[in-house]
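Labels for the chains are A, B, C and D, by order of writing; each one numbers its residues from 1.
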Amino acid sequence: DTIDREFARHILDKCIEKAMEIKVPVVITITDASGNIIVQERMDGALLASIEISRNKAFTSAIFKKPTHELKGPSEPGGELYGIGNMERVVTFGGGYPLRVKGEMFGAIGVSGGTVEEDMIVASHGVKVFKEVFLYGIREK
Amino acid sequence: DTIDREFARHILDKCIEKAMEIKVPVVITITDASGNIIVQERMDGALLASIEISRNKAFTSAIFKKPTHELKGPSEPGGELYGIGNMERVVTFGGGYPLRVKGEMFGAIGVSGGTVEEDMIVASHGVKVFKEVFLYGIREK
Amino acid sequence: DTIDREFARHILDKCIEKAMEIKVPVVITITDASGNIIVQERMDGALLASIEISRNKAFTSAIFKKPTHELKGPSEPGGELYGIGNMERVVTFGGGYPLRVKGEMFGAIGVSGGTVEEDMIVASHGVKVFKEVFLYGIREK
Amino acid sequence: DTIDREFARHILDKCIEKAMEIKVPVVITITDASGNIIVQERMDGALLASIEISRNKAFTSAIFKKPTHELKGPSEPGGELYGIGNMERVVTFGGGYPLRVKGEMFGAIGVSGGTVEEDMIVASHGVKVFKEVFLYGIREK
């Protein structure tokens, strides 16, 4: 199953609000469960590099069914998956999350533009919105 | 100069309305004048191939400052630019347009998902919206 | 929705029988609706080139929701989509088919190794098996 | 020399049984001695990332004539082959094995989807099956 365009857009809009709140211009990408883009948006002033990075973070989370920061330790020297970071389109630092309910994948989100910590704040806000809407529906907009 | 995110989003929303009107699910990409994505959105049911094609149409229009259909004749055997189609990310059929006023580039739009004719209808609607808003501002939303 | 591994394997086995019947060693790939491989198999004596071609035929059919031979005319000089063949992983000759029921995509199949006509015989046999099993279930194996 | 398709399929089927036994959905790839795919299969629920990783593990084992985990130490900072992991399609963690008898290469196997340890359990089971069948033939199926 997958989230539809309106749902993806709602999550993205909420992430932009959060990014404005913490004053960091970012690029946000939301994909389906296979990592195919549904919506991508670059805030004014966001880094050009973040277009590709946010897309790759979402893609990585989709194909590994994992937040990208969970690949950080394993991909470092001495880690179990050292070398995985050379795989095309794979990002091994924070800012990507699966959109998942009870183990079932519905999509993924990737945020890039600030520090990793800031990207994770915005992206995990998107995960929170996804889960709330999934359970209770959209209540405001 | 470049269009900002809100302006890009307004154009994209109008294009989605147009695509719904002619009943063709498409992917729409709007870039800045350098071909860097500002916003991309895939309507439910649109071809997965269109994610890349719409992006490349906008990119091509940005870097050539031309609608993509104007590259069609020149890119064919016997044409002046025969071979240009081998250039990475270049699309030589219709559906991409520059967003330009009096020769000045502000961005580009690319649409993919229907026939070339349908893609051009949706994308050129985006150009029309761009020009109206540029001249008169956003009057409704 | 998507076909599962056992279903994909059943279709592939039937295609191998068909390829043996017409005495052409081929490579067969079956993907999900997004073009991600479920099963791929190379018959003894099949061309090495066919590993990539069969995979790309299935991928192309998935992302365009079309048999690959329907891209042939449009991708040729003078055709509506001339230039599309330069897109990475896109094949514009016969041997790829969507696995689809009533407009809904379940996967795709790609066959390579013989002439285009032979590849199409084997791949379209796979489509026939897919539809029969989808409607009536697996009756023999 | 190389293993044929039926032999490859037999090994793969036994690996799927093993993966089911340890309850980990994986992707399994078996190649010839040159690293060209003979058969690849993705179990239901396996990570999409594993399609490429399992293929690359088999490829790496074929072209280095080594299990992939033996590249781990040498590929790390300070190791003799540090940098080798930047080579396209090379994987430097466990789950890939050559299929080899008395120094002669017949093919390679790559497994991905679980932890590295789980992947190695499934892939080395494939090696064991390969050797048994090579010496004594297929006794059950």
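Quick note on the criterion: a residue touches a chain if its C-beta (ideal position, glycine included) is under 8 Å from a C-beta of that chain, and two chains touch if they have at least 3 such contacts.
Keep in mind that what you see is a predicted model, and the values were worked out from it rather than measured.
Copies chain B and chain C touch; is their interface built from the same residue numbers (over half shared) or different ones?
The interface is built from different residue numbers on each side, given that under half of them are used by both copies.
Chain A to chain B: how many Å between their CA centres?
About 26 Å, centre to centre.
Between chain B and chain D, what is the separation of their C-alpha centroids in Å?
That pair's centroid distance is 45 Å.
Report the inter-chain centroid distance for chain B and chain C in whole angstrom, where each centroid is the mean of the CA atoms.
A distance of 31 Å separates the two centres.
Among all residues of chain C, which ones touch two or more of the remaining chains?
Those would be 34, 36.
Return all touching chain pairs.
A-B, A-C, A-D, B-C, C-D
What residues on chain C touch chain B, complex-wise?
That would be residues 34-35, 60, 62-65, 77-78, 80-84, 86-87, 90 of chain C.
Hey, which residues of chain C end up touching chain D in the complex?
Residues 4-5, 9, 36-44, 48, 51.
Which residues of chain C touch chain A in the complex?
32, 34, 36
Any idea which chain B residues touch chain C in the complex?
47-49, 52-53, 72, 75-77, 85-86, 90-93, 115-116
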